[in-house]
Structure formats: C-alpha cells, structure tokens
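Across the two complexes that follow, chain A remains constant while its partner is chain B and subsequently chain C.
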Partner chain A sequence: MTNHMNHTFHMVNQSPWPLIGAMGAMITLTGTIKWFHQYEQTLMSIGMITMIMTTIQWWRDITREGTYQGLHTSKVTKGLRWGMILFITSEVFFFVSFFWAFFHSSLSPTNELGSMWPPTGIQVFNPLQIPLLNTAILLSSGVTITWAHHSILENNYNQGLQGLFMTVILGLYFTALQAYEYMESPFTIADSVYGATFFVATGFHGLHVIIGTTFLITCLMRHLTLHFSSNHHMGFEAAAWYWHFVDVVWLFLYISIYWWGS
Partner chain B sequence: MVSICKRIALHSSRRNTVYLCVRLANTFMDPKELVTGLEKRELLNEEAGKDPDPYGLAIKRGPGTKDKPTLVSSAFDSRIIGCVCDDESSHINWMWLHKGNSTRCECGFWFKLVEKPPL
Partner chain C sequence: MPSLAVMASKKEVPQELSTAPFDPRFPNQNQTRYCWQSYVDYHRCRKLKGEDYAPCDYFRKCYESLCPFAWVEKWDTQREENRFPGKI
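Entry: the complex of A and B
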C-alpha cells in the first residue's frame, strides 16, 4: 500500500482508537464522579481499562506503521516532532497554572494562614532530605538518557540498552521515594492552601513521571526487539524530550515549593 | 519488568565472547537494513545525492490557457491543488481537480489532471 501514491505524506487508515479512546475518557470521568459520590469504583475501572487498552493498541499501530511499513518519512517525522513540541508546550502551561496558584497564595499569605508561609501549624518536609535525593535522581536520569541517546546515535546497542535501563530504574526509584514521602507526610491535601497547592503540583508531577517512565519502558522494549537504529528512533527522542520536561518541572517544584516555600 | 531485567542481565553477561550468533542477533543492524518502504527510498535517494523527496509536489505553471492547461499529475482520480494566482497574491486558491475535464481557477488559469502511475 505504501507505493500507491505520489507523495511522501502518510495517509492514515481508519482506526477505532480515537472513538474508543474518547468513550474511555468519558467513562473514566463519569466513573470517577460516581466513585466520589457513591464510593463505587466499577465504572471508573471499566473506563481506566478501556483507556489503557486503547493507548496500548493505538501506539502499537503507530509503531507498526513507522517501523514495519516504513510510512514515517522525513515529512511525517517532522509532523510528529512538531506534535510532540506543541504537546509539551501545552503541558508547560498546565504546570504554570499550579505555580501561579502556589505563588498567588504564598507571596502574600492571608490572615487566615497566620500571614505567613508555610501557614501556621503546617510542618513541612525538610528540603535537604528526600526531596534533595529526588533532585539528584532526576538529574542523574537526565545524564543516563543522554548516554542512551548518544549510544543509539553511534550504533552502540549495548550501551543504549544500559543507559535506557538505568533511566527507567531511576524513574521508578523517584516514584517509590515520592510514594514513601506521601505516606509519611504530616499534612494532607485538605490542610489549608499549602496542602492543596503542594499535593496538586507534586501529584501531577508524579503522574507525569509515571507516564514518562511508561514511555521509557516502551522504548526499552522496542530497543530490545531492535526497532531502533541510528537514524530511526523518533519515539525514543520524544520520550527523551518528555523526560527532560518532567525533570525541569521537578527543578522548579524543588526550588520554589520545597526549598523557598519552606 | 522481571523478564526485562533478566534479559538485560543475561545480555550484558554474555557480551563478546561465547554466544557469537546470539550477539549478532542482538546488536543494531545497518540503518539501511532496518528501514523499509518509503522511508527506505528516501534514505537511498539521500545517499545517492538526489533530492530525498522524489515527488516534487510543487508544479510550475505554464501558460495555463484553456487549450494548454497546466498538467498536474496524480495517481488518483482527483487531487487538491492550490493556485497562486499572481506573484503579488498573498493567499492560495485551493480547489479540487478531477480526472477528465480541465478545471479553471477563479483567476483564469486552467489545470488538467493527468494520470501518473505511483512511483
């Protein structure tokens, strides 16, 4: 089918995933509200499963189109790159809104908070303990992913594998430490605007770390099945961009919420 | 995850020496071997020093009269074209071109679809 046309654009086939994905998103939304009101998780679980199955199969299809059918020409890849750039830009603004909320509340704390930040009665995390370790972990993971990238560019399979594997391990370690810190936290999301801004910002960041780790694990599995070469690894590059974005967001979180905010 | 760890551990430990054939199966192949289809054609064209895009989608307009319409090639029965009516024009006039009769742009230029087998 590749050669039945006279241009290098990718005319995509019909696919069920946009429709099924949209239904999954709507079911998840409805199910989550049902859970909040009726303490009943079935509908939300159905929605989540639908979404997960959709994403797995949608990206499986894209992998097949790119790697096995050769449909990702330079023009198509350029489009994919721009898509990823615009997506990450929108994510940046998503996080800007949380920082806006944080600085709005912390730069001139209201009387109700005791006119101080952190608010009266809030016991905050020591920024020099686990948060500092987490900073080191994410910065190191930035190094290992660059190592993996350069290995792939230089056709070094083994070091590409090792660099990618180390990055995934560091990502999982970060998530584990954040989970531990959430469990140990002396304040909750319901403890004043401090708890609200802290958990919304770090929670969404944690979610993004989990998504980024999943993206990297996908790349690791594709690497193991020899999907990449020195000039065919756009999926890996997108994962690397995403990972750097997550890394930079953490630096801002660490500096403003954990450090300055304490 | 366990199986990935196992494979990576196995993989790193058997590097270089013992399982030569396994090692060959587990390293990168030549980028040219990995790619296929259009992507491969693009790569080969680039290597041969040719324009990586073999199709040349931009078509230079000829006289464009009714008798001598500008010929636009397509592998399909119809194609969307954009006419830049004059050099000063700041927009492109998009229209469908169908197999058979010539089509006239609002500005007066004529176009005709000619069949060109897919490359």
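Entry: the complex of A and C
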C-alpha cells in the first residue's frame, strides 16, 4: 500500500480484526449464557479477552493509519465524524428505552407497589448526597475536557495534558463513588421494578462512563506520544463527544431517577 | 291472558341490585385502581372510625363489586401477615 493515490479516500488493507472481533463477540455471547446457566466463566473470559485484544489492536492500527501514514484525509475524517455522530445517536435511543421503562413503571405505579413511587418498602438514595456529588464531578469533567480541547487547538501541550489528566481522574472518581453507592445500596436489582429500572439504567450508564474513561485514557496516552496537534485530533474530539453524551445521560438520570423518583 | 291473581303470584320479590357508581377519579375502562383504592379506603376508614362505623361499608360494597375475589383473598392474607403494600 502506498500513499500515492489520485483520490482522497482511504483504501483499507486486509485486516484480521473484523473476523477475530466477530468471533470474540460470538464467544462472549455464548460464554455469558454458559455463565448464567452453569456458573462457569471460562468461555466468557476467553471471549472478553479476545474482544479486548481485538479492539486494542484494531484501534492501534487505525491511529497508525491516521497519525503516521496520513491516510485520514479531511474527507475520510468527515466520514469518521459522521460515524461517531450516528453511533452516539444510537446510544441515545439505547438509553431512551431505559427511561421509557422507568417512566412507564413510575408515572402510574401498580397496586402491587402500593400505588406509589418509590414503591412500599424501598429505601432510596438521598439525591442530595453522593448522587449530587457525582453530578458536580461530571459537570466539572465537562469543563476540564473543554480546557484540554482548547489547549490542543492552541498547540498547548502541557495544558492539554493537564486537562485530559483531570478529566480522567474525575471519571475514575465518579466510577469509584458509584461502586461505593452500589455496595451500600439498601435495595437490589431483584427488589421490584424500582430495583430493576434503577440498576439497569444506572448500571449501563456506569458501563458507559468506564468506556468513556478508557477512551480518554487512550487519548491521554496518544497525547503523551505526541499524536495530537491543532489540526490532527479527531480521536480526541470523538472521545470528548462521547464524554459529553455520558454526562448528559447522567443529568437525565439524576433529575428523573434519583431526584424526581425519590 | 292469565288472570290478575296468577300474574300477582308470579311477581318476584323485589331485590335491590347495586354496584359501584362511576367515580371520576377512575374514568378508564380498567377499574383495577378503583377496586384497589376502595379496598384501601375501607380498611383505612375502619382503622380511623372503628369497626362498627356503618358509612365505611360504602367502600366495602365498592370493592366487593369491583375486585376479583382472589385479589381480596390475597390482600386479606397480606394484611394479616403485615405485608400489604398499601398504606392503611
């Protein structure tokens, strides 16, 4: 493959990752079902390791193609942006479904719940304690990532690094607090539709925070190896969009489930 | 045409039939909530006014008309075992 082309498109090379990734996904799925039925995690672990190794190496290849081989022309980058926009849109609808389930159950609570929300016997979290702190943490992380973005736009390496580092720390702090909150929870996922909607919605949000933090750590490491400049940082922008999305989902979770729902 | 005496003998004893009246709090075809609220109100009323307070029976008549027997049996058991979800 050479860079000598008479067009602006990126003709991709043969790659093992789509096939291996697909096999990893299938093994993870099968392994998870096996875990549910037989309490045996080996196959699931093999699948997840395969998937993690595939994503690491696939995206490593993409950063090489973009940053070192210069294959990400402005036209290609436009396609990447649209891909990220469509992906985040699909994620929005993923969360819409959990909010739908929540409002379906809470706006007109069935008599089995005592016709009230939170249901009889459910002790809920105080929304003004850890959840409010978490709201402040995520809002601050939105500030720090914007700081990092503007620093990168101005080729300010040090402040870009500091902004990214702070954002990652705030993301990890949020995850730690959510983990603590889960451990202290007076209700479980099996405690009525309250527990089900609460843990499915906040749990998937937590998973997305972990994914977003991983994305930001990847950006941090790429920044440390000088991948980003004022006109080459699409990966960082994608991470920032994703992080803002996770932030907005939390605001909706906080307002509706933690606050209104208590 | 039968005689008046025969017609009179076939006359049924007048029986008073009644059901729960329309309650604008529960305007839907599904009357589950009306049933449930009447059950809760009946027991709340008796707790507040004493078991011999006759007006409470209004709520009992409502839930007896509206609720499936199985539900009432289930809720009675739940109340006995102190695990009924409604506030009484």
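What we mean here is this: the second predicted complex is superposed on the first by the 258 of 262 C-alpha atoms of A that agree within 3 Å, B and C clash if a C-alpha of one lies under 4 Å from a C-alpha of the other, contacts with A are read in each partner's own complex, and residues count from 1 in each chain.
We adopt the following convention: contacts are C-beta pairs under 8 Å (C-beta built on N, C-alpha and C of every residue); 3 or more make two chains touch, one makes a residue touch a chain.
Remember, predicted model here, so these are calculated numbers, not experimental data.
Participant: So, on chain A, is it clash or fit between chain B and chain C?
Facilitator: Superposition result for chain B and chain C: fit.
Participant: If we overlay the two complexes on their shared chain A, which of chain B and chain C does A:G171 touch? Say first, second, both or neither.
Facilitator: A:G171 sits against neither chain B nor chain C.
Participant: So in the superposed three-chain picture, is A:G121 touching just chain B, just chain C, both, or none of them (first/second/both/neither)?
Facilitator: A:G121 contacts chain C only, not chain B.
Participant: With the two structures laid over each other on chain A, which partner does A:S74 touch: chain B (first), chain C (second), both, or neither?
Facilitator: first
Participant: Quick check for you: in the superposed arrangement, does A:S229 touch first (chain B), second (chain C), both or neither?
Facilitator: It touches chain B, and chain C stays clear.
Participant: Identify the partner contact of A:T8: answer first if only chain B is touched, second if only chain C is, both if each is, neither if none is.
Facilitator: first
Participant: In the superposed model, does chain B or chain C contact more residues of chain A?
Facilitator: Partner touching more chain A residues in the overlay: B.
Participant: For A:E112 in the superposed arrangement: first (chain B), second (chain C), both or neither?
Facilitator: second
Participant: Of the two partner chains, chain B (first) and chain C (second), which one does A:L220 touch, if any: first, second, both, or neither?
Facilitator: First partner only, chain B.
Participant: Give me, in Å and rounded to a whole number, the least C-alpha distance separating chain B from chain C in the superposition.
Facilitator: 49
Participant: Where on chain A do the contacts from chain B and from chain C line up?
Facilitator: The overlap between the chain B and chain C interfaces on chain A is empty, containing no residue.
Participant: Which residues of chain C touch chain A once you look at their complex with the stated criterion?
Facilitator: It comes out as residues 32-33, 36-37, 85-87.
Participant: Quick check: in the complex, which residue numbers of chain A touch chain B?
Facilitator: Residues of chain A touching chain B: 2-8, 67-75, 155-158, 161-162, 165, 217, 220-221, 224, 226, 228-232.
Participant: List the residues on chain B that touch chain A in their complex, please.
Facilitator: Residues in contact with chain A: 1, 4, 7-8, 11-12, 15, 26-31, 34-40, 42-43, 52-55, 57, 73-76, 116, 118-119.
Participant: For a test of understanding, state which residues of chain A touch chain C in their complex under the given definition.
Facilitator: Residues in contact with chain C: 111-116, 119-121.
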